[in-house]
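Could you have a look at this structure, given as structure tokens, before my questions?
Each chain gets a letter, A, B, C and D, in the order it is written, and its residues are counted from 1.
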């Protein structure tokens, strides 16, 4: 006479879960949803959302030199960069325009990976809804720039590793003092450009 | 333009043609079936594809090899890591790249976790198709959530992982990650037990699924049906064993086989496969060595390889994705972009026999059969 | 893989001497597409190979000809793959279908027909698979007129500017020139076969 | 005779009504008093129906949420208590979409017609001692007759929508409701036989005594009758696992696919009110209705009814849906014979002594249950073996 036992067993399982939702904690079979605006999941460091640009100190000192590698490597082509020209019509190693279309971006993290200047990283901020996806989701340079401290805050391990790397590179650059002129300004990774 | 479907008994006044999809709660996305009904009985069924078509293959032809990796996530978005795996294997086969030990282990672990995620999700959705009001699905999602959190920690994203690289993986696993995987592996059997108590012996589920959508062995082999659907019919064909790609020959695991090849067997074979995957994960956790995670010789920068040009040639790499045999066919002409890129999508080819399986069954069965085949429209339509 | 491509070639040369074969990399090219079903039946039923499983059917465009590529495996003997390919000229791209022998070819041949325009003769239901009926052109052919992503058109420029993106002057000018000449921005086609 | 506080608590509604009527009696003629009594009862029912429906939806969502390890609605008001009101406002403000080719009049009529029987059934439900709105001496007959009207508006709506899904849903409804009516009616018969009355109030009164041990459910035929009745009731109000007419995964929304806004809400309301009345009748027939020790009678009634509704919700949270043919088979090949045998058992019960009656009826029911399972092999899962190969 086992007919009906399967159904009964299933109902016991659901009843257990019903009881557990009152009695147990989240990890022990209790309610597992997170009440979003009030509660939040703990931030996961490696989480990647949309890209942002890092500056040291003031927003004018962007690390970005507008080399355009990320623009070229971006699979959905959501980055658009124009190099700033100084008065002598020479490249100023600064972006005049740096736009990221969040509507196109697919959060793959390739820009972060290919950037030789440790300038573009993936943000944790996911609340980017806007009223007009055509205009408001295109983020310009000003909106994209974030301080290094912010970067340190959201991704402490990764950012400190990057900082150490940069410090080491700077010291290395300082050690050969005989190297003068424009060449000294050349960042080491720029030689790896295709 | 008027569509034409060559139904066998078209024009019969007693039949009714119904569009299931593209907007329908249980066609798993934007799949469309034009169903010819006689009362509740199906007497003709034509699948219509392409509502999610985005010309994946041409996108690949315009992109560098490594930049295609995030797009492969979007094929079968339930288990992105398996797609990455197949694509990475194809590139490695094309370029003759070696993969370091540790990276191989990480890959296998991630692929098996993805398989677990996929199978429980599929079972949950299939039960939803059966009419259980989200309960099994949400129980499945509860456990899936733990694995997805782990994915987020390791790869940076929950679904669109973009984790594998040609010649390795993107990020190393720390001890904390390994401990988290171990915790999942130890906790999972308890959940499976609960899940099975809810479902496996349930009379209504058995009534609905047993002897529904029977797939005979010969037809299944001939139609190129792979994965759990094929194994539920009793064919012992698992590419992890047959090809022993990556390092699958180092693990001891069994292949569960069904007997009848009906929807119930497909459900249960998946449950058993989760158990085997957990076994593989246990062994991999015990054996994982230290070492590089990317082939240092080929990619010294450890970053995403730019300007990566495989030699002229072609490669076809296939893996046992949770849906079936996922194959990538690559033709290189020595430039950074592939000349031809083709995905052999299991979700698409497993639908070949959909009509035969559904004929003579009720409408409700067609929905279960579709659910038990396990398709993901991102892969079907590409 | 428990057999080599040479074995297959030898066996075929003995049994079907009229079929001309050529080895390309790890695959066999059947010179005359008409012979494909015969070869497939032979491979499926020969006890040495028993290639009962057709894994993948796909097309490829090599500019002056189209190719249809088949990957065979054996489920019974668990070996493979054997790659067969046939070449057909673009203007009359007809290949005999494998559907009567391998049902798995059904949707894949439809896909190849859809994307490359290879007509599989004898296919029971050769319709477009992903595109709608009435779609013109074959999107995966290399000469498929595809809008260029690097050259902008005037409409693109105005769209970008409306979004606050600065468009360089030379791009604008190029767009205007295109518009004046009444052409559309199309991708550059490969000039010669790349392999 | 001195009465305790519980009597006054019990009679609180009855006394209140009597007091108001008495007050009115001072300056109104007699026929006005009768009218006023009718109006008061119907207003109470008309208010009760929608309120019950609103809070049943909340209860259902909460319980299913808990079953699924989540909270359920908890944003509108404390514990989401205002959620039904928010839903109501949403329903009222939604656009009323009528398909272009629909039969507009019938499409409009169907949701209105469906609420009428759902409300009418409330008349014979004994909410408490002396709290039956109309104590008809054919109460159960009235209930069965009125509740079977539900098929008509559902079919009207499905036909008028001119939608193939709706049509299929309507066809399924007609088949399902008609089939389940029969075992349900037969399952009522034992209670009628034992209490020798069709009046709901008399049925309740015949279960008096022994601190609730005289409830019909504490007899073998009572259990069988209750189970059959309850399963049929679940099917009658289209609740899972018998929710084929609106099977979401197959027919999108079944018969109300093409309804939106308030029309949809009326269908919804009728479904929940039916669920309430059917559970109430089930409690009346087998669980002793408002009978029970210590607590006020109406509390007992609502407690039992909500317990049954919770079981229905529990079903919904657990079980997958039947298929059409299995559903029919279950009604005709399983529930119907069981209900018939149950009538036989009840008849025997009346003529034999107590101990042998227990033994005999249990034996008959067990044997017939076993026999029915043996005859209906389609309902029994196959045993399967899954070899693991390397």
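Keep this in mind: a contact is a pair of C-beta atoms (placed from the backbone, for glycine too) under 8 Å apart; a residue touches a chain by one contact, two chains touch by 3 or more.
None of these values were measured; they are calculated from a predicted model.
Chains that touch both chain B and chain C are the following: A.
Interface comparison, A-C versus A-D: the pair with the greater number of contacting C-beta pairs is A-D. Ranking all chains by how far their C-alpha centres lie from the centre of chain C, first place goes to D. Separation between the centroids of chain A and chain C, computed from CA atoms only, is 39 Å. Annotation: 62 Å between the Cα-based centres of chain C and chain D. A straight line joining the Cα centres of chain A and chain D is 56 Å long. Centres computed as Cα averages put chain B at a distance of 44 Å from chain D. Within chain B, residues 135, 139, 142, 198, 201-206 each touch two or more of the remaining chains.
In chain A, the positions touching at least two other chains are 3, 6-7, 10, 13-14, 17, 32. Chain D has residues 67-70, 317-319, 379-381 in contact with two or more other chains. Every pair of chains meeting the contact definition is listed here: A-B, A-C, A-D, B-C, B-D. By the touch criterion stated above, chain A contacts chain D in their complex at residues 1, 3, 6-7, 10-11, 13-15, 17-18, 20-22, 29-33, 35. In the complex of the two chains, the chain D residues touching chain A come out as 63, 66-71, 74, 314-315, 317-319, 366, 369-370, 373, 379-381.
Residue ranges on chain C touching chain A, taken from their complex, read 149, 162-166, 168. Chain C contributes residues 25, 27, 52-56, 58, 60-61, 69, 71, 75, 78, 81, 83, 102-108, 111, 115, 125, 127-134, 139-140, 146, 149, 194-195 to its touches with chain B in the complex. The touching residues of chain A, when paired with chain B in their complex, are 3-7, 9-10, 12-14, 17, 32, 41, 44-48, 69, 73, 75, 106-110, 113-114, 122, 192, 194.
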